[in-house]
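The letters A, B, C and D name the chains in turn, as written, and every chain counts its residues from 1.
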């Protein structure tokens, strides 16, 4: 069950241009959290009403703190990036379903700001892992932190590091093998992952994004189209914040 | 000519419950400022659009800084009270006309949050001065700072200090004498001052308040009724932010 | 200190306190029950319910604006049967009034839902004739006095529960709509629904919402909502439920003073899932501080 | 890099850039000239000018709201003679277009001002048929298609300058008002004027404004303004001047993309006396960053 709390920021550092890493001290949420879940972050500015959904990047081993890694995309994330150690922030979580933990040889695929949730997943998955990370250019972040957990492959759009192209180009070029895929990243990337998984007949779990208002399944702002009728909505779409953000590739339309 | 600036707060202290004193470092405004003028203070919160007019309480002798003393009356002043030494605040000023400096035996009358502008006036007026300060109760502020500049008389509504009653009660009881009155305070007090001045046939200058939008005479939000047709508005009201806030008692209706 | 009486009666239905939820911002209460004790609410007003399931609009369905938000959910809902079988039993576990918000594309749609609900354990019906986000989502009904009066009359013929007509603010004179609903037999009125607005993504050079326009809600609209509630409360004899930008107990008090007998908390739920409870607490605090024994004393006191 | 062309032409009058001031928020420019170089503005639109001096409403005349403000100035102004003898000569010192906003209580009032200005060095007239703050301040004209068309026709008969009709947002369908003004011969339209709203002081139990209601402006209303500007720009052939909550260059770009040929900066002037200049800079920055050579390329590009 999610809770709303005022959490203390215990660190805030910049990882790459526009990319920040923030640790929040909030034991109640940390205790319940699992990889692939997210938090709603609220702005201090009273004129910005809606929560910002941010994935959990790491859960401290003692379950007292959570790490978030985020890109400054607009006014809300800009506000967050200016908060300092010791400042407080309103958060709600943990939200969403998180990744299912299959015990199969896994390929973890993260693209851009979809990379952060893969880190806690990489730490938690108890199986052989290959990790494929896609960036725009050589301004990478978090990639070194994945090294303890599996073989790491990189792609960059401009070819400055790893394979030139996208994550699927890297998967193909390095012939990365696995029986299950976990992916998070921009929609075009997820489309590529879905096609690749279908082609190779392997399960793919992917984490989706949509604009949210309530974050808890009440407002129906954040739906994505589904192949079959959803049990809750009784129509062919489903709530990303509640039934997701992680879905089996074939269950959703991208 | 007024300017708009981002000023540094060099100190912020609480003088009494809900009453704060703030020093701003802003030489350009300080150089031009005179007693009875005011500043427009802008909120950092983007959802609070309008400036808060606050009187100049003191101008540092070297003309680099200004002091404001204000009461927490709502959300804007509450926001100001939370700013700390080193924080920045958007200000515009100096605004308004300020008190005329007559060289006559003067009575300075301040009521409640109308007291602060009297301090710089007391320092600047080169004549014999009696100073009458009215408070609600024994939670006084600034009163000791007036001592170097003249005889100070107090009134409190609950009688806990000085004369029980209002400033006019104090003036009468102590038979305070003068050839000109300068006053700032709530409207009922100013009505009393105006009546007293008429009765004794002495000039009274009083500083008025009204809600402001532009603070510079353009929007006509802040008018007060005048006895005669105003040269600018061409009707029988006048702009407090521009022609005021200080008016001759008989020129305005309260 | 005496107990403060916060009970209000709307169209013969007594609420424990004057606070309900604004339709569409609280689902059927299920998700918010983790945060707020639903027993504390005067009433729960559900998301709009239609006869058959509705898929709603494409995404993006929402956009943030200064002190507000735009939504174009498009009245997605699972249909009245699922509502009756799943959501209503859930709500009946709680000691609160249940108000079902009803939507339709045609008069018949509305009437079928109203008829289907007539023998259900529902305390009141709120008829949404003001949703700007679906082509036939009711706003056509809500912007014309003749059709407001006519649909009210029809609904009243089928309804066994008291009928609240929910008015659109996108009109020249809200009083005319209020009078038409009263003439049609409405037991109460609720307002405001959202103001139609839009937002543009200047880098993509297109509308942010897939639906192009959406309904504006939140503190940004409060001054307009308060004005309309006041106008309507001065015009009709039936009670008014006021909403639009209520975030705090103080905001709610403004609506009560303007003449609303009750209020609804909407967009605030997204900013703070505890908003409804905090509004109730805030009303109580205000009444206590001001020494007011009965909330009814302040209703319409500015008039 | 090529020079960016920001010139726009409205009803045959060329502006250096698409930015003017919203009537009533900039006086006649005099007070703001200390902060902004008036030569930089595409045009200056003056406070409403009536035939005889108007005293306006009692105070308080304004109130702050979330991301907005209410005003009920009541069109106080010194009358057209003082305007012509004092304000106009001041404005003519600058190389900017002068738009005079005209108000009246009766059709004759409007016509007398228009006629008096017909031989003055005024570039355009903006006819305020939408002020909600004085009983006869025009809104009665602005909420009815027949009277919009009729007053436009009358004004056009007397006006020597191009006529901009300023529309009220307090209507059910702004397109009908726009079409009526176009049919009456308007050369351009401007919108939105303020949305009627109110605010209550719950401790004093009375309205904050002496006038009870006022006009809502500022970022709070931007989504509504943008929607209406877009609707009108899609409906009529004459150019539209968009306003309502513009604080930054990005906001202005949204209005241009929605279909406005020019924009006005209003409430923003109170938050920041340099707002007009910063909006102009912001538009230039956006065009440069996006590699757009001519501002006209983006006008209406979302449609």
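Here is the rule we use: contacts are C-beta pairs under 8 Å (C-beta built on N, C-alpha and C of every residue); 3 or more make two chains touch, one makes a residue touch a chain.
A quick map from chain label to UniProt name: A, B = Dihydroorotate dehydrogenase B (NAD(+)), electron transfer subunit; C, D = Dihydroorotate dehydrogenase.
Computed from a predicted structure; not experimentally measured.
Asks: If each hop has to land on a touching chain, what is the smallest number of hops from chain A to chain C (Dihydroorotate dehydrogenase)?
Replies: The distance in steps between these two chains is 1.
Asks: If you walk from chain to touching chain, how few steps can bring you from chain C (Dihydroorotate dehydrogenase) to chain D (Dihydroorotate dehydrogenase)?
Replies: Minimal hop count between chain C (Dihydroorotate dehydrogenase) and chain D (Dihydroorotate dehydrogenase): 1.
Asks: B-C or B-D: which has the larger count of contacting C-beta pairs?
Replies: Most contacts of the two pairs: B-D.
Asks: Suppose chain centres are the mean of their C-alpha atoms. Which chain sits farthest from chain B?
Replies: A
Asks: Determine the centre-to-centre distance between chain A and chain D (Dihydroorotate dehydrogenase), using the mean Cα coordinates as centres, and give it in whole Å.
Replies: 46
Asks: Calculate how many whole Å lie between the centre of chain B and the centre of chain D (Dihydroorotate dehydrogenase), each centre taken as the average of the chain's C-alpha atoms.
Replies: Those two chain centres are 35 Å apart.
Asks: From the C-alpha centre of chain A to that of chain B, how far is it in Å?
Replies: Here the centre of chain B sits 56 Å away from the centre of chain A.
Asks: Of all the residues in chain D (Dihydroorotate dehydrogenase), which ones touch at least 2 other chains?
Replies: 66-68, 219
Asks: For chain B, write out the residues touching at least two other chains, lowest number first.
Replies: 46-47
Asks: Have a look at which chains touch which and call the overall pattern line, ring, star, complete or other.
Replies: complete
Asks: Across the complex, what residues on chain A touch chain C (Dihydroorotate dehydrogenase)?
Replies: On the chain A side, the touching residues are 1-2, 4, 42, 46-51, 92, 210-224, 232-237, 242.
Asks: Quick one: which bits of chain D (Dihydroorotate dehydrogenase) touch chain A in the complex? Just the residue numbers, please.
Replies: Within the complex, chain D (Dihydroorotate dehydrogenase) touches chain A at residues 66-67, 219.
Asks: Once bound in the complex, which stretches of chain D (Dihydroorotate dehydrogenase) touch chain B?
Replies: 24-27, 30-32, 34-35, 47, 53-56, 59-64, 66-69, 71, 73, 76, 78-79, 82, 218-219, 267, 269-274
Asks: Per the contact definition, I'd like the list of chain B residues that touch chain A in the complex.
Replies: 45-47
Asks: Using the touch definition from the top, list the residues of chain C (Dihydroorotate dehydrogenase) that touch chain D (Dihydroorotate dehydrogenase) in their complex.
Replies: The touching residues are 65-68, 70, 143, 170-173, 195-200, 202-203, 205-207, 213, 216, 219-224, 226-227, 230, 245, 250, 253-254, 257-258, 286, 290, 298, 301-302.
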